[in-house]
Amino acid sequence: MDIQGVIHFMQNYTYYIGAFGLIFIGLFIMLVKRNLIKVILGLSILETGVNLFLVSVGYISKGTAPIFSNASIEGKSMVDPVPQALVLTAIVIGVAVLALALSLAVRLYQHYGTLDLRQIREQRW
Amino acid sequence: MNGFGTIITGIGVLFLFLGNLGVLRLPDVYNRIQAGTKCTTLGAFLAILGIGILEPSWFWKACLIALFVMATNPISSHAIARASNKIGVPLCHKTVVDQTKDFKKDRKT
Amino acid sequence: MPEVKYKTIHRMRSFAYLFFILFISWLALTSSFQWQELSIGVFISFALSLVLHKNYLALGFPPLSIKRLVFIIIYMIMLFKEIVVANIDVAYRVIHPKMPIKPGIVLIKTGLKQDIAKMILANSITLTPGTFTLDILGDTLLIHWINVQSQKTDETTKMIGERFEKYLRVIFAE
Amino acid sequence: MSGTIIFIYLAFIGAGIFLCLLRMLKGPTASDRAVAVDTITTTVVALLVFLGFVFKRYVYLDVALVYSLLAFVGLVAIARFLEKGI
Amino acid sequence: MRSIISIFLLVVIAWGMITVLQEIPFGSSETRVGQRYIDQGREETGAANIVTSVVLNYRGFDTLGEITVLFVAAIGLGAVLSTNRKKKKREIESASLVLYTGCRFLFPLILLFGAYIFIHGHLTPGGGFQGGAIVASAFVLVYLGCRGRRISETGSKAVESLGGLIFIGIGLAGLAVGGRYFLSNFLPKGELNTLFSAGVIPILYIAIGFKVGSELAGVIDHLIEDSE
Amino acid sequence: MNDFGLFLNGINPVLFIVVPLGFAFGIPLLGMISKKIVKWVPVFVYSFVLVGALSNIPDVLDKPIIIQIGGFVPPFGINLVAGPVGILFSALIAFAGLMVSIYAVVYIKEGPEVRYHILYLLLLTGAMGVVLTGDIFNLFVFFEILCISSYTLVGYFGNKSGIESAVKYLIQGAIGSSLLLIGIGLLYGLFGTLNMADLARQISSADPVTVFIPMALMITGLGVEAALFPLNAWLPDAHSSAPSSISAILSGIAIEVGLYAVIRILFTIFGISDFIMFFVFLGVLTLLIGEMCAFSQNNIKRMLAYSSIGQIGLMVFAFAIATSHAVAGGLFQMISHTLGKGLLFMAAGYMIIRSGSMKTASFEGMGKRMPLTCVAFTIGAFSIVGLPPFIGFPSKFLIIQSALAKGTVLFTILTGLVLMGTVIEGAYFFRIVQVIYFKKGNGDSERNEAPIAALIPMFLFTAVIIIIGIYPKFVLGILDSAASELLNQIDYIRSVLG
Amino acid sequence: MSLELLLAAAFGGSLLTYLLGKISSGLRDGFAVFVSVILVAMIAGLYGKIGAVTSYYHFMGLELTLRISPLSWFFAMAVSTLGALSVIFSLSYMRDRERTDFYYLMMLLINASMLGIVFSGDLVSFFIFWEMMSWSTFLLISYNRGSALAAGMKYIVFSIIGSMAMLIGMLSLYAVYQTVNIYMLSNLVSSASPGYLLFLLIVFGTAFAIKNAIMPLHTWLPDAYAEAPSPFTAVLSGMLTRMGVYGFLMIMYVIIGSVQTLNMGYGLLKFNYILAWLGAVTIVIPTFIAMLQNDAKKLLAWHGIGQGGYMVLGIAYGTNLGLAGGIFHTLNHAIYIVLLFMSVAAVQYRTGGERDLNSMGGLIKKMPIAFIGALFGISGLIGLPLTNGFVSKWLIYKTLILNGSPFLAFTALIGTWGTILSVYKFLHNLFLGQLPEKYKDIKKSPVNMQIPIVILSLTILLFGILPGLPLKVINSIIASFGFKSLNVTLWGIVSETGSLNTINLFAAILTGCVIIWLILKTGPKSVSASQENTYAAGASIPEGKYHYTVDFYNPFYRMIKPYLKDFMDIFYFKLAGWTQTLCNIVRKTYTGYVGHYVTYIVLFLAVLIFMQLKWSLW
């Protein structure tokens, strides 16, 4: 892929770049951060990025929300409803994981007195 | 009607902007929150009401939102201000009086 | 909070208030007079009021009368005027390059009894020129004043609280 | 409402939000940031209603209402957290 | 060093992503299935909100899974935090009277609003999850304003259970009496854009709303109370 | 064919998911009435599911049952595919689930018991959904149910190790899920459908390079739960810290289901029908690393956990060969691992309780103290190692046979490596057996057998291990048709989409 | 009488014995003896049915069969007889020990498995019975606890390695020929390529070499023999180890066939030469190591390895004489080694488990039957004329010399020389010399121990004098392999190149004995001293010096010790150590830090993507 291609890509796929930007930021945080809360935040960012990506997959140029709230609305220019439904599910799952992660973090802190993951490694080898 | 709505909305938007500016410019938390609360409450109220006037079928719902903002905004701001006061966020140097101690004395008794 | 034996009349009153507020809100939310929406609205409002009217008992809503209604309307107009003044006042201070402020924290007293009345007073103070309720305890309010004109509690009470309290006393009189 | 006016209004709202974001970044205390967030959320509620008007989608009102509600709860939570009430 | 390695790895992955994303042009997606939902969703499900018809009819099974995930998290979080034996009583600042009174005043209103959102899920962008979240936020507000007023665990559990059971019950009713399919929309579809339309969808959303509301409230309650 | 209610010839497979789910939702209500009932709910539910799964076997051997949810024709609605694979796994999940729930009736005595039983039901429901669904996003949802409930159950006791393991498991699992979801999103973007059969139909005509990226994402994402090396670092921690009943399920069901998802995606969606060299090597590597790590463990549960990694490696090796015999062998190995490892964890659970420690050295003289449990443990160990006449033998036999049937020198060498893993495996299992029987325990040697409710499932596992070990015919029929279902993409597409 | 019934009786009997043990130990003992004796009778009765095939089961689509060949009947007979004798011997040896039920279960199970092995008509059955034998043996070796555990581990690890090798061979045969039936394979395999045949010989050979303890795969054996309960050691050494010989015979001469086997390779690098040389090495080194042992059972164990070398040498050589010698030696070895271990066990039984040769002595008067057993045993072991060992060794030497392999013959002879040296120590230190104080009141061995000892002693003589009895059967075995049959008479073998006639030998030796007796009769009388009489020219001897055999071979020992270390054992220990180290290094992958684990996941994905984009793997 040459420079021109990259530029073209940047121009046409801004949403994807945003979504994947978040995904990579989240992954990067999870890769390098040592504090559990930061890692959980990274996970949250990652999930947000994924959700954004899912939504942008179903986008149609100049599309509107797929709701026939009055008779004048046409089905032609509606965005794909499926990714929206998927994102709804993904968000709920993300929230569930996040809540669980936080509760585990709370308990972990009670046991170790720290959230530094480098020090939390009794389980190894 | 259209023009009226536009003007109301405009006034609202203006106050919103001023409120935001106040938050940036004023010297300490308490002053900022004064500006923030007063201006954004009225600003949002007017802006939303203005839209309600522009779209008559939306009017009641817009009213509801506006009233909701009107009701909640002072409460949330109050909560933040109270917290700042409690944890002792410092006042700016222009401050002339602080009777918090007397209040606390009251609070104890 | 002390358990108070509420009379049936109090219960019915708070139920009525709640139902009224909820149903009006429902109407505003749906903005529709279809029978389906209305019936569901009535049903939900009724159910919620039935379950939650206890929440409103402690707030201390006053019984309704013509006099009170008049005062409420006057109060609202007065409040709106104050709010507009307040905004202009703030705008002036914000835009002014020198920022003419003389802030301070003072105490005021209130004679209001009911929680809801105190809350309305506090919020009114918050939204009106130069003052902001920082805290409230019993009959004392802690006020942040952007332009302190007095430090004596009697004077501050007069200058800040009294203009609202006189209406509220009527509205919430026992 | 003409396009120009819409643009001007949007510009004012946007500028306001930007100013508050500056305050949020500057701080200096957590309370300052909370105040900035408080102001931003109120502005955004208005913005949402305004955008609903621009796009002619009634559903934005519901969004605005939900947003203002959640923002309120969130801010109260922040405030209570600051004063160690939770 | 770790950062450099990480960035290198992510760049490799990004390279792959770019390759495949070029095949998914933004703004003109492949919507064979989605287009059918838009075209026929109104007749097939009776819901004006096509997303809702997807969520509760076409992909209703996902939603069953979704509420299950939330249920798992709620139960699991309770399990994780309930093993905490050494709870200390902390000095808690009480809320101010303004907040306290305001919360009590707003609480029923917010509940009403939540109910509005989940009852109108098939007409507006709302739905059970959103409405449930609002209901939960009402409880959070009460919690913030009136510390000590915890939600009744028994009550929330019962609501949670009943919500789930109603969902499953309707699904099974579809299997047993309705269209002979699990989760089939066996009730009359009604007139588009009226409250009483879309067959089982509003009922399902009400169940979800209650369930999600009580679950989220429980989750937040646990997180605040049990995590000292 | 697509039109039937609760019952046709067998019980409608949708009930395998819905009934446990309903009971899980209902348990809090039941718990208010009586806490004693709650622990019997899983027993009851999985008895029903087991009967249901078995009742469907004759039908699915003929042709797969396609169940439309909500009555929408695939690919426009979610559908379940209860083919031989689905029913095989359902039966396995139901059986293991039933046995472990009986075990848990007495084993789970402390902690938030009601929640345990709910989460247990949900975990198995997630597993059941994954193996039955014909929709890729639906698979993701059920996969999440499986994962999230296992994160929680790992930390069930709330002790230091449990919470630590749960946190680590959650972090890795959540990344895996996110990657899986990105992969699904890409697939949807490319093909506009989520139905696995529909995807399979379209992918065959797509550009392989493009399709590879979502596949890589999905494989990596699912690989975490499937415990492929090096994605399996959570496993030893989680399996060793969880309550033993959960370890049995995690080892016996969860990772198998993860692997199922991997192979379903590889074979059915991406239509990879030739053997996959990368996975052959990956399998051998996973096997060797698992066995080597297990070799130097002196914590019994950690040892068993690493052994599970080794076993997964063997299964991956088998599936990657991708001949019908090999895939049948891999599936057989799954069954034998579920039974063997389940038995081992259940037996070890009470041995740990009696000795008060997970250190292998503390099991000295156990053979005297709890003879029945120890016999069960020994048989489980022998079966895992692959000794006749236990079930591990025919399954390993089938895998090695199909590897050698490839007839190349490379595969002979790889088989040699696989068997080297078995040697290591044998070494550490026999060492444990020695400790149990031939070392004098210090301290009390009072006979103190596990309670009867724990012995019953152990006995039944043992019985099945021996019976299938001697009569592998019982399962070979369904294994063969399951293997052909997995390998025959065209038939799958045809049976779902008509 | 069908084979299934036989095996069912064997396996069922073992289980029933175990269950009866839960009721009463007497019942159990009686039933164990009953079962094992019945098995002997049943197998004896099968003699006439050689060639019978029964298909008893279908496993994984394979037909499993049982079959009686001359070879299997021969081995089965030996297995069941020695098994029965061991069980009888165990009755008192095991009395008052713990887990006796378990002991009998395993003992009978092992016997049953061995019968299964020899009667297997297909490789799968063979493998299954082989595995059952392996793990039950493991359990019985570990039985004595303590150092027995290490011995058990060593045994089972080697065993599994062997089994896995065998599994590869078996399944590769199945993959190529779609059958595992030994006799069908024997027709099919002959046409295979030499490379493939070599592969088969190597993988199967590994398994059988391990079991038969051919150097350098022998190291499991000494410890296992020493640590197992002695009656079981007898079985282990007598028959179980020799399943390796059976296996070699099966793969070399039944499956692959003599022609292919003997033509494998070129010149000196022929497969069977190499195997024969391994056999020779296995004769020499262990025999000298045996000399250095102070543990009675270890001494015998090392001889067990050495004698295994003779068998391998014989069968690897691949002539009819050699094969006959190898097979006959297997039987002979089984008889005398069982006898020797029983004698030791009898001594152990009375001395409370003492195995150290240096702390015993002079038991000849106290335990005469045990002494006789040991005497006959070592005679057989050395290969004295008129004992069975003589005949089989004679056959082996004969074939080596006849076929021009003097070096091999020479090594075999060195082995015999070493054997003589070492068994003298064995016999002397146990039964001759001074009787230690503590064994003053020792009793004779119980009757049930004496019976097997006497029977076996007599058998040694019987087969030594009438070798034709077993050789007739062996002849039919080698004929079934396609070799020319030997001309066997009751007294020996007649061939063009020299014959063996034990009658002549017997007469000659008898004459010699009479002459010696006459000479001694005419000479001065010796004074017999009491065993307890420990004076030496008036000075008392310190207790530790009762035996001049304490450092019996000290100078010699010092000379050869550096060369006789069990290098292989050391090597295997090193190997195990390295494996352990490697495992520990591998283990470190799981560092415990989640950041690393996250990196693994991302790395995996990145590698997958990189491989595809760079090299397009798919």
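For this structure, a couple of remarks:
We call the chains A, B, C, D, E, F and G, going by the order they appear; numbering starts again at 1 in every chain.
Note that in this section a contact is a pair of C-beta atoms (placed from the backbone, for glycine too) under 8 Å apart; a residue touches a chain by one contact, two chains touch by 3 or more.
These numbers were taken from a predicted model, which means no experiment stands behind them.
Any chain that touches chain B and also touches chain F is listed here: E.
The chain with its CA mean position farthest from that of chain G is C. Counting C-beta pairs in contact across A-F and across B-E shows that the higher total falls to A-F. Computed centre separation for the pair chain A/chain E is 18 angstrom, with centres defined by C-alpha atoms. Inter-chain centre distance (chain A to chain D, centres taken as mean C-alpha positions): 23 Å.
Our note on geometry: chain C versus chain G, Cα centroid distance of 102 Å, whole angstroms. Distance from the chain A centre to the chain G centre is 68 Å, each centre being the mean of its Cα atoms. Annotation for chain A: residues touching 2 or more other chains are 27, 30-32, 39, 57-58, 65, 67, 69, 80, 82-83, 86, 89, 93, 96-97, 100, 104, 107, 122-125.
In chain B, the positions touching at least two other chains are 19, 21, 33, 37, 41, 43, 57-58, 61, 64, 68, 71-72, 74-75, 77-79, 82, 86. In chain D, the residues that touch at least two other chains are 58-59, 65, 69, 72, 76, 80, 83-85. You'll find the chains touch as A-D, A-E, A-F, A-G, B-C, B-D, B-E, C-E, D-E, E-F, E-G, F-G. Chain E contributes residues 92-95, 99, 103, 110, 113, 117, 124-126, 130, 133-134, 137, 140-141, 144-145, 147, 224 to its touches with chain D in the complex.
On the chain E side of its complex with chain F, the touching residues are 16-17, 19-21, 23-24, 29-34, 36-37, 44, 57-62, 64-66, 68-69, 71-73, 75-80, 82-84, 154, 157-158, 160-165, 168-169, 171-172, 174-176, 179-185. Considering their complex, residues 137, 141, 144, 148, 151-152, 155, 158-161, 163-168, 170-171, 174-175, 177-178, 181-182, 184-186, 188-189, 192, 194, 236-237, 240-241, 293 of chain F touch chain A. Residues 1, 5, 9, 12-13, 15-17, 19-20, 22-23, 29, 31-32, 34-36, 38-40, 42-43, 45-46, 49-50, 52-53, 58, 61, 64-65, 68-69, 71-72, 75-76, 78-80, 82-85 of chain D are the ones that touch chain B when the two sit in their complex. Interface residues of chain B facing chain C in the complex, by the touch rule stated above, are 15, 18-19, 21-22, 25-28, 30-31, 33-35, 37-39, 41-43, 57-61, 63-64, 71, 74-75, 77-78, 81-82, 85-86, 91-92, 94-100, 102-103, 106-107.
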